[in-house]
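The following blocks contain the structures, represented as structure tokens.
One chain, subunit A, appears in both complexes that follow, with subunit B as partner in the first and subunit C in the second.
Up next is the complex of A and B:
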């Protein structure tokens, strides 16, 4: 299972990175392969390449603002999660995503 | 069209606009505040100390002016993608200037509405079925020109007046708040800004108070900025005073939360609040209300979009600013300490 994700919050200094950390931990715990991009106020970090997006089994976007380079996900099935829930209950976010993709 | 989904899209657009606007407010607001250092207060406002400060003021005012078009542009960008930027910037600029024979200005409110209109208009235009030879000139010629021109004309002739009136009403209303209304306002502001500790609701309030800065109203921002540092500092204080209510791990982590509080980062409180929502959150909300009301009654004003002690050089009524923060923090810390269950008790329950 390969999962890519993006986290982004309005201020882009704290929640974005807390969500990334918590999502990565959850994905690691489940033994998935993953890459999580952040779009904080410093800009895009740990950027997802198109080929990574293409080969992902799940795309989890926990964003409360419009992200940059959204076109990478055109014609893709994307699960949108909540940033706050991603911080406090990453397990629920991943479960919902699995359900969304019918992988559960 | 799904209305609920669209409302969510609009909220996302507003947060996006706010997100891109924030650094401009910081650059502009702080430069502006610095330019007033050493100045003299007169009836017609602050007079800067010297020529250099006058130039610093120009930089600050430019930042505070530009934040409005930038917000409009990124609201439109969020809805329509890249082609939304051009009408968003231009229309936001128009909104922040006086237009028409009556010379109305609708400021952030106008930019916000125009950003949304421009966003949907461009999104709609993007869906047009046009011949191939026109398709290539759509994004560089037709969309930017037509959207800006049409919405611009409609704004100047139709929308400017009501939007300007609404802005004036809002600004007048908040400017004239006094007595009970003012306290009620402070209570609501204090409560909302801690309910989700730096989350979307807080950011909405942030946007509101920042928008008022661009209209020259600094009091709501002053009250709000007193609050932002209270929750993490209260957690630190509570962990020091009520040692038996916090685990060793908590108490170590609380130190860094306290430091985050001094620097105005409410987020430091989140891990503690999540761990014990029932007791930590109400205490913090109460502390923030107390801080906000004190700031409100003593006329604390802040022209910078950041809070807590680190902004002390920039705020008015420095002493009351500190008093408001300290009293709010103490109230929150004590309430937290008294309501939280001792650690042993929780452990015993879990075993």
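Up next is the complex of A and C:
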């Protein structure tokens, strides 16, 4: 299972990075391969290449703002999760994504 | 990166408002703000969008504003939980990280420190170390460990 994601919150100061850490931990715990991009105050970090997006089994976007380079996801099935839920209950976010993709 | 003068242990604060005011006053006294009220307005605006109580006893009030001279993190621990947020969404918090970032922050090191500390908050051990420490000096040492993490990237 290969999962790509992006986390981004309005000010890009704290939640963006907490959500990334939390999501990565949950995906690691499940033994998935993953890459999570952040769009925050420092700009875009750990940027997802188109090729990575193309081969992903799941795309999880926990974003509460308009993100940059959204076109990478054109014509793709994308699961949108809640940033705050991603921080406090990443397990629920991943479960919902699995359900959304019919992988559960 | 985190200043010792901005690490507090305080058990006599009664509310979120008191806590925000207390911390902003301290930050202001160190000359990190050009206008305390404007900074606090930014913090309140963010809280209104959505409470920054993120669970596990932690709140991270923050504001991005021209009234911030230099990016900072202040930390306050209270053994008496404060109710953070409004109505049904309100949560009890004991660890408060107050963050300020100038509107046009050029210093990536500051921003990296803040992102680093945010990531650490997901770490249960880090949180329990902070919850269990006895005084501000000890907390300061735990917080400062994060400085090492910045040099090596994420």
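In this section, the second predicted complex is superposed on the first by the 104 of 104 C-alpha atoms of A that agree within 3 Å, B and C clash if a C-alpha of one lies under 4 Å from a C-alpha of the other, contacts with A are read in each partner's own complex, and residues count from 1 in each chain.
Everything below uses one rule, namely that a residue touches a chain if its C-beta (ideal position, glycine included) is under 8 Å from a C-beta of that chain, and two chains touch if they have at least 3 such contacts.
Keep in mind that what you see is a predicted model, and the values were worked out from it rather than measured.
Look at subunit A after the overlay: subunit B and subunit C clash there. By the document's definition of touching, of the two partners only subunit C reaches A:42; subunit B does not. Looking at the shared chain after the overlay, A:50 reaches neither subunit B nor subunit C.
By the touch criterion defined above, A:66 lies against subunit B but remains apart from subunit C after alignment on the C-alpha atoms of chain A. A simple residue count on subunit A separates subunit B from subunit C, and the partner touching more is C. In the superposition on chain A, A:25 contacts subunit C only, with no contact to subunit B.
Put simply, subunit A uses residues 10-11, 13-15, 18, 41, 84, 87-88 to touch subunit B in one complex and subunit C in the other.
Taken in their complex, subunit C has these residues touching subunit A: 46, 49-50, 52, 54-56, 60, 62-64, 97, 99, 101, 105, 108, 111-112, 114-116, 118-123, 154.
Interface residues of subunit A facing subunit B in the complex, by the touch rule stated above, are 10-15, 18, 41, 64-66, 70, 83-84, 87-88.
In the complex of the two chains, the subunit B residues touching subunit A come out as 12-13, 15-16, 18-19, 22-23, 74, 77-79, 81, 196, 198-200, 203, 265, 267, 270, 274. Every residue of subunit A that touches subunit C in the complex is listed here, in rising order: 10-11, 13-18, 20-22, 25, 38, 40-42, 45-46, 84, 87-88.
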